[in-house]
Amino acid sequence: MTHPSDTGPAPVLALKDISKSFGAVRALRDVSLELFPGEVHALAGENGAGKSTLIKTLAGVHRPDAGQVLLDGEPVVFHGPGDARDAGIAVIYQEPTLFPDLSIAENIFMGRQPRRALRRIDRRATRDATTALMRRLGVSLDPDRPARGLSIADQQIVEIAKALSFDARVLIMDEPTAALTHSEVARLFGVVRALRDQGAAVLFISHRLEEIFEICRRVTTLRDGAWIASEPLAGMTEDDLVRRMVGRDLAELYPKQDVTPGEVALSVRRLTREGVFTDVSFDVRRGEIVGLAGLVGAGRTEVARAVFGIDRRDAGEVVVDGRKLTNGAPSTAMAAGLALVPEDRRAQGLVMDMSIERNIGLTGLGTTVRAGLMDRGAERSRSLDWAVKLQVKYARIADTVNTLSGGNQQKVVLAKWLATRPKVLIVDEPTRGIDVGTKAEVHRLLSWLAADGVAVLMISSDLPEILGMADRVLVMHEGRLTAEIPRTDATEETVMAAATGRTAA
Amino acid sequence: ATACGGTTKEDVKNEGGVAASAGKADPNAATKKGLTVGFLPKQVNNPYFTSADQGGEKAVRELGSTFKEVGPTSATDTAGQVSYVNTLTQQQVDAMAVSAQDPGALCTALKQAMKNGIKVVTYDSDTNPECRNAFVSQASAEDLGRTEVQLLAEQIDYRGEIAILSAAQTATNQNTWIDFMKDELKDRKYKNMKLVEVAYGNDDAQQSFQQTQGLLQEHPNLKGIISPTTVGIKAAAQYLSGSKYKGKVKLTGLGTPNDMRTYVKNGTVEAFELWDPAKLGELAARTAVALASGQITGKEGETFTAGAMGEYTLGKDGVINLGKPTVFNAGNIDRFDF
Amino acid sequence: MTVTAPDQAPVAEVPKAGATRLVDRVFRMRELAILVVFLVMIAVTQAGNSAFLSEQGVKDLLLNATILVLVATGQTLVVITRNVDLSVGSTLGISAFAAGLHLQNGGNPAVAVTLAVLLGIGFGLLNGLLVSLGQVPALVVTLGTLYIIRGIDSIWVGSRQITAADLPGGFVDFGSGGLSAVPYLALIALAVLVATAYYLKHFGGGRELYALGSNPEAARLAGIPVRKRILAAYTVCGALAGLAGAMYLARFGNVDSGTGSGYELTVVSAVVVGGVAFTGGSGSVYGAALGALLLTSVNSVLPALGVSSVWVLAINGVLLVLAIAVDRIVALRVASALKKRNARHA
Amino acid sequence: MPDSLTRAVRWDTVVGALLVVVLLLSFTTVDGFGNALNLSFLIGNTLPIALIAMPMTLLVVSGEIDLSVASTAGLSGAVMGALWNQGMAIETIIPVCLAIGVVCGLVNGLLVTRLGLPSLAVTIGTLAAYRGIAQIVLGSDAVTDFPSAYLDFAAGRIGDTFVPYAFLPFLVLLAIAVVALHATPFGRSLFATGAGEEAARFAGIRVKRQKLILFTVTGLMSALTGVFWALHYASARYDNATGLELSVVAAVLLGGIDFDGGKGTLGGAIAGVFLLGALQNVMSLKDVSAQSQIVVTGVLLVLSVLGPRVARQIAAARAGRRAATAPAPDPKAPAPTT
């Protein structure tokens, strides 16, 4: 069943016929996998295919129900993440797992800080090592800054630094690039290649297929928890890989319809939040998809938050469909027809302990009401409707969202906001962590919404997505809008030039 | 009877109280046996009440009846005490002896008990008179208040600043005593003594401790402290004995010999006073049985014999006085153990 | 606030000054705020009553705070892990009685203190096991053990009490004695405090307490022995409550079944005033100790200023709210400064 | 079916069932329990806790807590006594007291929502402050002479039934609270806020305003409880209802309300309140000492959290075994992790 190992060395780490269930959900069924030193191995599959579960099994977070984990050919049992770590396995989990109250340096070295005499912690050495790691990744994060308040991208970078600091034999990365922009990804790949050349085995997960083809040599595909294939990437095309993952051919990834923009639906004038962004003005017209690009930390999310009213603005005004929005009041923004799909789905998008039904229902509390009381029937049909439209994969609509895979959680967030039938939709990293199939669907959906007259503002760090979907591209750099590029002129070069502060095109 | 369309205090004054006692006393009635007498102290686990209730238990046994004790574990859990009155009512005891945490709060429940034919005696702390048949007072409030001032005055030669360290601000009996102390101080022989402050330690060791410290810091010329509460005097004594004020600032008040023995012996305290709680409990028990037997009904002027303790006469509002308190000092303290 | 560009600094010599010690500085600032409030309060009182800071006065201030400092130190350990121990008052009471009973029967003071500490450790272990192995909410469990221990204490002690007369003179003298204005008990508390603070700051185990309070799930993934650490925090907390019980006995020379009841609220107040967050992961034992000092001193300051005891409770409450509010405002200022400073340059 | 299994192990259902069992058992086996008088006492004494438990449940569901409730009740009682003594009409006094409760709640709410302070810390502070103000307002007085019509309403029962007059308005309030929490958008948004405040804010829920409303309502209900308390026990003192907050918290916790917010039902909370009340009543009737009752309360609390956990684990283990044997897609059992 397993692909025969074609080259010399024996696998450092292997899984044999692993199965794992959560309650009644069978997340993994007889999956096998071999990781060789000196290779980067991709793990591909749709949302909910079981990739993260597989990784958590390797990392000792989950105990498999059946099957074996083999380390250097010997069967091992990991009783906890500590055991896997001691065996030389470093893991970057899909969701950042930082200690918000501790400094970045402590976050990276927690549990294995450099020691001085009498087992005391050597803080200085810890800090120096962190600075060196940051240098290696080409970022400038202060090692003594607390992790609280880091953007998702920065959190992801700290996670990467943490994993690198192990000098591990096996490096496992679950969507490390989901929140990163191009340049950071390039930097990361540089580091990964160096590690690979030193003989480390790397397991890499990403829903950006071009990344898989760029850095990986072999790929293992999962579908619905079952092993499909393990094979070299050489000679494969993206379409081949997609077919393995979804079991059918994929429609176009960027199905952008051409729409003639209508009147202005969202107008932002001289918006300023001190110390964060300054003097941001732009319009979005009905039927238009406007991309908002920029490097990580450029302030795009902050603009979206201020527009929606999560943060108060210090100056400027926001007009939605002719109505001026009250400062700092998301409820009035919603009433005016604005919707915001936030970037952090776990904290901002979803109430993790609540059911799918109720999460979607949360934006409809004002509408699914009869005589002042909740109309549960209406709530359920509204939620079901949208969950089905977005093809959320779940067992029961009453299950809590924390049992869903990351991508399916993202779909629930989208469903929740589309259900409000917004006039203006702001999406912040809408396809982060979403598989290609779903990504195409989301794009088709956005395109369809625009065609239907919705004004869409799309913030994304996935440049091809911006280029493929946007009618116009706005670019931010260090808290200011630096360029506005029409679809015809938008290329990687022009956008990156504006994003890095070189004179705009 | 409404003023400005509402019910005010004035209107209520006219409603008038209901007399609790009814029927006629038969001083010669036989003492009934086989009764159940329930004791409900302010707080169980409190050594003072335990002594009192043990006195009560002894007497009830002697009279051939059954004794039981119930009560809350906190002296401020008034609601708990009310439930216990209800419980005793449900259990159909013949009489209950209650030390009320609050003069008003127990009333409804106690009246309910009396309606069910249960005789109610209060001891140590009274309720409103109409809510019980009789009250056994530990000593007349007047005696206690005045003698404490006299005790302290002798110790400080009738001159200097003095202060009072009381329990809670709401403690009814303490407040009555303090009023009598103030009245006593009006006498000309105390013209060189000045009451500078009344502090409240809430019958909590730590708070009483800190209130004592505060008194001494604020009034550097303080010569003496009266603490009419067993917790307060003990805390004050403990503080004084570990401080530079030991022996210089006099302390008196109400304390138990066992609590105060060390401080009397190490010279912190010269003399203090108290009634015998066991005797108080005994008298409460005997009163309860006398009520249940019909020998008294709670009216002023009725008399009954309380075993070896002798004959007692009911005063105004059905109050029975235990007698004068005992003064303890280095000479006699070793003769007492409670 | 100085802005450094970390990228420019050579790796070997990261500057100590400037923003590099930011995390520590945030902590220290919170403690500083409480310290200032405390000092101002003391100064005002001294101005109003020159006897306040006499040798006896200082000694009293320190003695009053001692027991609370000990218990608050233990509580802080637990609160840092995003848990709470409400049973400390009950534990203090029962250990104090156990120690007293031993001494009453002519026992050795050292053994008595050990007994109190062991009893505390026992109850700490019980709480810790329930919380860490049972994985049940600490608030409920320790509210439960608060009642259970208090109940057992009441049944066991009954109406008995230990008074100064039952204790060896040396033990009681130790409780109120000291090196001039510094009581022995305060020295013990100080030693415990400094040791705990040092451990929290400089040892892996201590840092892991912060980590697991900050994000329990991440702590598990980082391979931190979560249960073991929580168990340890509760055990130390119990041990300190036990030790505090022994010190209570020495100090007040008086223990009965009600000793320490309601103390949990005072302890929690001290910890809160000291800036230890109930959401876990932040705060320091020094802060909690300062909080304890502040709270107990208010009770000495008001009487010394001649404020009628009727007012004490209200003023206490208002001060508590003020202290928390001031602390919060300082923290907000720091956070916004932090945010501005961190506007990143790619 | 795992579905019915998960439902069965829901703790609030268990508490409800437990309450029914205790009631049934007590009716048949405990003397004095089943009669109307005792039941009316039981309900009357539990009402203050139940009254506060209602808004407290809503507050806790939304992720906050208010420990100052008992002090607010005390303050409202103290104000009632003080104004009554000054001759104000009771019909004016009660609205004034309720208004004071609203102010107390507002202060808590503003401190929590505007300054972003943790409610636990704030309300520990105001717990002391409100009680202190009550002490300043009423001092050592105990006011007992409220008009009998009001006293009878608060303490009396309908004819010879077990139903206290005050129980009927309580049922109305309870119905309102149940509907508000479980059937309105407001209630739904409370659960969302408690389980994920940031996500709720992103969904356009006005979290701060909603919390402010809750704190205010809690203050109002606490004041109402204070008025009820003073009339029920015919005693207005500054220390009325001291310590009630712990009883409320214990009962609400027992009813399965999660203090992390976002979980629980009002039915469970109220069942918890009456379960504790009934147990205490039964134990007192059975002469279980107050000390042992404390232990029982504690054990119940610990079991209330250990029980569901063990049950969940058993349920999860069963579902897991089923899944392993039968590969057919099956509804999910609750997640064992995170």
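The letters A, B, C and D name the chains in turn, as written, and every chain counts its residues from 1.
Keep in mind that, in the parts below, a contact is a pair of C-beta atoms (placed from the backbone, for glycine too) under 8 Å apart; a residue touches a chain by one contact, two chains touch by 3 or more.
The UniProt protein names, listed by chain, are C = Autoinducer 2 import system permease protein LsrC; D = Autoinducer 2 import system permease protein LsrD.
Note that this is a predicted model, so its numbers are computed, not measured.
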item: Most distant chain from chain D by Cα centroid; value: A
item: Chain pair, B-C or A-C, that carries the greater number of C-beta contacts; value: A-C
item: Length of the line joining the C-alpha centres of chain B and chain C, rounded to whole Å; value: 38
item: Euclidean distance of C-alpha centroids - chain A vs chain C, Å; value: 42
item: Between chain D and chain B, distance of the C-alpha-averaged centres to the nearest whole Å; value: 36
item: Distance from chain D to chain C - Cα centre to Cα centre, in angstrom; value: 30
item: Multi-partner residues of chain B (at least 2 other chains); value: 44-45, 73-74, 169
item: Chain C residues counted as touching two or more neighbouring chains; value: 154, 217, 310
item: All chain pairs that touch each other; value: A-C, A-D, B-C, B-D, C-D
item: Partner chain A, residues of chain D touching it in the complex; value: 2, 179, 183-185, 187-189, 191-192, 195-196, 198-206, 262-263, 316, 319-320, 322-324, 327, 329-336, 338
item: Residue ranges of chain C touching chain D (in the complex, touch as defined); value: 130, 134-137, 139-141, 143-152, 154-155, 217, 262, 265, 268-269, 272-273, 277-279, 310-318, 320-321, 324-325, 328-329, 332
item: Contacting residues of chain C [partner chain B, same complex]; value: 49, 51-52, 54, 56-57, 60, 64, 154, 157-161, 163-165, 172-173, 175-177, 252-254, 256-259, 261, 296, 299-300, 302-306, 309-310
item: Chain C-touching residues of chain B, taken from the complex the two chains share; value: 44-47, 49-50, 73-74, 169, 197, 199-200, 205-207, 209-211, 213-215, 217-218, 220, 234-235, 238, 241-245, 258-259, 261-263
item: Residues of chain A that touch chain C when the two form their complex; value: 59, 61, 80-83, 85-86, 91, 93, 97-103, 106, 110-111, 113, 115, 119-121, 124, 127-128, 131-132, 134-135, 140-146, 149, 154, 183, 275-276, 295-298, 478-479, 500
